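Here the chain labels run A, B and C in written order, and each chain numbers its own residues starting at 1.
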Amino acid sequence: MGRYVLRRLLQLIPVFFGTTFLIYYLVWAVPGDPFAGKCGDRRCPDSYIQFMTEKYHLDDPIWMQYGTYMKNLLQGDFGQNFSGRDISDILITAYPNTLKLALVALAIEALIGLTAGVLTGLRRNGFLDNLVLVSTLFLIALPTFVTGFVLQYLFGVQWKIINPTVSNSPTFAELLVPGFVLGSISMAYIARLARTSIAENRRADYVRTAIAKGLPQRRVVGVHLLRNSLIPVVTYLGTDLGALMGGAIITEGIFGINGIGRTVYRSIVTKEGAVVVSIVVVLVLVYLLMNLLVDLLYAALDPRIRYE
Amino acid sequence: MRVSKRAGAVAMTAAAALVVAACGGGDSGEKSGGDTANGAITIDGTQPEVGLVPANTTETGGGKIIDFMWTGLVQYPNDGGAPQNAVAESIETTDSKVYTIKIKKGTKFHDGTEVKAKNFVDAWNWGAYSPNGAQNGSFFSDIEGFADVHTEDPDGEGPKKAPQPKVDKMSGLKVVDDYTFTVTLSAPFSIFPVKLGYSTFMPLPDAFFKTTPEEFGKKPIGNGPVKFVSWQDNVEIKLARFDDYTLADKVKIKDVTVKLYQDDTAAYNDLLSNNLDFQQQIPVSALAGDKWKSDLGERGLNVPIPVSQIIAFPLYDKRFQNADLRKAISLAVNRQEIADKIFFGSRKPANTWSNPLTAGGKEGDCTVCTFDPEQAKQLLAKAGGFKGELVFYYNADASHKEWMEAVAQSVKNTLGINARAEGIPTFAVFRQMINAGQMKGPYRAGWQQDYPDVENWIGPLYVTGGSSNDGKYSNPQVDAAYKAGTQAADADAAHAKFAEATKIIDQDVPSMPMVTVNQQSGTSERVKNVQTTNVGEIDLSSVELK
Amino acid sequence: MSDPTMGSMVTPPAEQPTVPATTVAPDAGTPRRKEKPRGLLGDAWYDLRRKPLFWISTAFILLFVLMAAFPSLFTSVDPSHGELSRSRVEPSANGWFGYDVQGRDVYARVIHGAEASIVVAVLATIGTVLLGGTIGMLAGYRGGWVDAILSRVADVFFGIPFVLGAIVILFALNPPGSTRDKYSIMGIVVASLVILTWPVSMRIMRSAVLSTKEADYIVAARAMGAGPGRIILKHLLPNCLAPVLVYSTILIGSFIGAEATLSFLGVGLKSPVVSWGIMINEAQQFIRVSPFLLLFPAGFLVVAVLSFVMLGETVREALDPKLR
């Protein structure tokens, strides 16, 4: 087990470099001169473009730019964005908010999704099953901006239960509604996944055995059934944390959450490779560690899976 | 021209940010209201893209803060009238070439030092010196000696670099004494004093030259009615009344928080729930169906601002070199219907080559701005028709899709040309294609006037080599009339010459004015008397609490 | 997941080696006795025929396919012809679904939008499932260094933000002003969606394989000399398909949305071409005054997604031996 973890951690290194270089390269490959659009509908003075290009070494070959960036990064220096702000400052203020939001979303989708999935899995094709199916699909088919707008308008402006936008460092309570909006799509998927898994395993021999042994229903479902049905759900939840953090652009915008989504998007458009890579690197690390955690959980959930 | 970075628009970009209802907590105590002198307000804004240095800011987010924090030699009245002296005591000239500028004694920067003549001269020299890379550097090009401090890349974009300038001070600027300096232009230019209220011409304190522009830009020191307190990225910028301010436009309230939004619908919902006291532009989703009027009632403001949306022709493309064709396309656009249906009356159909608010501009001087299907069809036939697909280009990262599609549709329906609109993903790519002369069809070119004179709508846009004449329009007659105008003895004579130039432009149709902009703003229930400046920003000196 | 052996705590039942080649659960035995043994597919088909849900969802999907292939069967109105004078006119006898902000017929646009939406979403989903599923199967089955490399490659791809990857890929292949026709643009869009989303289905498939491959029936099959190909196709695939299928049916819905995002960025389908996603995006600003603009494309989207999910569900249940 220990060796397995160690090996996986070592594998992070090539992934780290592979991902950062690929992203750096992609940002570099986004067409357009990053400074061409800075002066509105007026051509920017050459002097300005030249000044900025030199300041950020943009006329170096791509591998050299990447090398410089990496060298600084490994010394703990994230560099500056084109506005002259320290990227590390951006990370420190934006990340906690995004992480909080993603965790709330994850908790909501796991809680609601799993509950719905278990209930419907146990009673397939009943009224409840169909109700859950249709309502979760409705959430998928509605774009996030609609869910977000409607909830914000109803709760924030009409009923005044919440503030339309969250505060500077939002508390978990403030993030409940945004979290629901963000998690609504995955919620449907988790409900479906859990339902399928439960329905399948309910017929499994060990469940029949458990029932035959006279175990109470609660124990059969809670211990035997749920535990064995969790693997695909856990996999998905694991991969989803990263996706939620990186995919919160719209939700963050609607509720005024100072997170990374918008920054990443803007930095892509303005070709600020250092900013994009810095933010995404952290995302990738979260994703990789979650994956590792999930892989380890497999072993805990299902003893047949072993890592030497 | 400042470019708005609030994409407002793009579906997904709708993003992030920001927050801060710090006001939720902190302000609540102050909301009891009434006490203007100790009052605090929250207004909306966007994160400035670069540090707050006047000569280096071209976008609206930072430009707004700079306008609040600095007062220039002259100021533009809210109604768009002729500029009035502010820091300047007098600006005098006999030949429109040498200007003697006297400034008022005793005005102060926020760090307590006095504003002196050298603060202007040093600031302008800094902005013009090309190694400093200021975005607005070219604004100083009228001044004698500009070419010596501002060098260009000899081969445009390319391997060669611009040579180091010979000197770092323009020969046309001379400090006479602490409160007097002279400006010598390279050629007579009667409009020059009007320019001086633009943020590029603001003075910089001595402290600026003792630190780096980056450091200064994070904690700027101005000479205006409010001073800088703090700036939290993507969250808020706090400003406070500068009590030693001596000029007329003092502010009455004590604290101003500029909350930095990235989604204007979020800001609007904050406005509705009184978490925000002023929103400069109400989002389209609330303009539709006049929702904002029922939401806000008397708290809504609707004022014209000197901004026009223009569609320019790439005259370097052979297909668009026939003036009759260009005229036909312009006449085929039903501007009124677009203003009504796409903009819900928040824009007015353009009928002038400048803007209704512009001094020296004439409404109705754009004869090709009308909708005349019959004449359009005749002109198209005369031009020999149009082959292939006519594509209108816009940048897809801001909200231009609807109206550009409507323009294409209007042309298609009227002329039977296969016309459509296409978005270019980012403004940077869009500008780059324009700069490089790669546009394959008419493209969007908005224009916000920098200073209130019709010259600003001709020189940069339609004169050969003008800074924003991207379609490469060139007509010697226009150039001659324009030059005569800039050298005229007084404003009226100048405007007469500019009108002449406009007449020729109106025949050539190098671009198509489409709509002029009205701005819809909203205020909260806490404030009263709110007015907006000539460019639509909140006039802080007008704000009082209820 | 699930197999004839027990989970964690129960002692192994004695019957474990009795299910070698077929994976049929014991309780399916009774009805089978009367008929000739059918193959897996035959069984599934027998099962499917009797499910009304299968027929309903198939009917809807056929309807959408028909819409996509022959829009002229449903409407003769040009979806790109608009007149501003009827901008945002509410549904009426003339325009059943009303007119959008440009004055275009919403009904005609919804019908014509089916093509781009369905084709892109279905192809991209198939592509994602095939690519991700194959790689996941390989990684899970082989394990060891193959798993390590494939998983890490997936990690790298997962790290790319969708918007970034899409802008770069599509901008390179479909620059502004290019004259590609809509089918080749659709192909490029599909390819970029697949490239950027396969890691998730890979992870899902891999996890399913991991939990299944040590099952006794697999061990038994291997002991009886079945080659890897046979084990994967005959035993692993049917037992691991469920989570990926569930994921894919839901993926269809999100791909329709993703396609619209790309169009809005200016790198996807271009203007006369219409899709449901584009319509939904365009309706965004009018949600308060003209909700019907959102309602119709979103309604079609819900029904389409629902049909695909239902179809996927019934097919999966029919294929899955344990649920019989």
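Just so it is clear, a contact is a pair of C-beta atoms (placed from the backbone, for glycine too) under 8 Å apart; a residue touches a chain by one contact, two chains touch by 3 or more.
None of the values given here were measured: they were computed from a predicted structure.
K.L.:
Any idea which chain sits dead centre by C-alpha averages?
P.N.:
Here the chain at the core of the arrangement is A.
K.L.:
Between B-C and A-C, flag the pair that has more C-beta pairs in contact.
P.N.:
Per the contact counts, A-C leads.
K.L.:
Taking each chain's centre as the mean position of its Cα atoms, how many Å separate subunit A from subunit B?
P.N.:
So the centroids are 39 Å from each other.
K.L.:
Subunit B to subunit C: how many Å between their CA centres?
P.N.:
Whole-Å distance between the two chain centres: 48.
K.L.:
So how far apart, in whole Å, are subunit A and subunit C when each is placed at the average of its C-alpha atoms?
P.N.:
The answer is 21 Å.
K.L.:
Note the residues in subunit B that touch 2 or more other chains, in rising order.
P.N.:
Only 11-12, 397, 425, 429 qualify.
K.L.:
Which residues does subunit A have that touch at least 2 chains other than itself?
P.N.:
Counting only residues that touch two or more other chains, subunit A contributes 30-31, 145, 149, 249, 265.
K.L.:
For subunit C, jot down the residues that touch at least 2 other chains.
P.N.:
163, 167, 171, 281, 284, 287
K.L.:
Along subunit C, where are the residues that touch subunit B in the complex?
P.N.:
For this pair, the touching residues of subunit C are 81-85, 87-88, 101-103, 163, 167, 171, 176-177, 260-261, 264-267, 270-272, 281-282, 284-290.
K.L.:
Going by the contact rule set out above, which residues of subunit A touch subunit C in the complex?
P.N.:
These residues of subunit A touch subunit C: 7, 11, 14-15, 18-19, 22-23, 26-27, 29-31, 133-134, 137-138, 140-143, 145-146, 149-150, 185, 188-189, 192-193, 196-197, 199-201, 203-206, 209-210, 224, 227-229, 231-232, 235-236, 239, 242-243, 246-247, 249, 264-265, 268, 276, 280, 283-284, 287-288, 291, 294, 298, 302-305.
K.L.:
Quick check on the complex: what are the subunit B residues that touch subunit C?
P.N.:
Answer in residue numbers: 10-12, 283-286, 288-289, 291, 334, 337-338, 340-342, 391, 393, 396-397, 401-402, 405-406, 408-410, 413, 420-425, 429, 433, 440.
K.L.:
Going by the contact rule at the top, pick out the subunit A residues touching subunit B in the complex.
P.N.:
Those in contact with subunit B are residues 30-52, 55, 82-85, 89-90, 93-94, 145, 149, 152-153, 156-157, 160, 163-168, 249-250, 252-259, 261-263, 265-266, 269-271.
K.L.:
Would you pull the subunit C residues touching subunit A in the complex into a rising list?
P.N.:
Going by the criterion above, the answer is residues 1-10, 13, 15, 25, 27, 148, 151-152, 155-156, 158-165, 167-168, 171-172, 175, 199-200, 203-204, 207-208, 210-211, 214-215, 242-243, 246-247, 249-250, 253-254, 257, 280-281, 284, 287, 294, 298, 301-302, 305-306, 309, 316, 320, 322-323.
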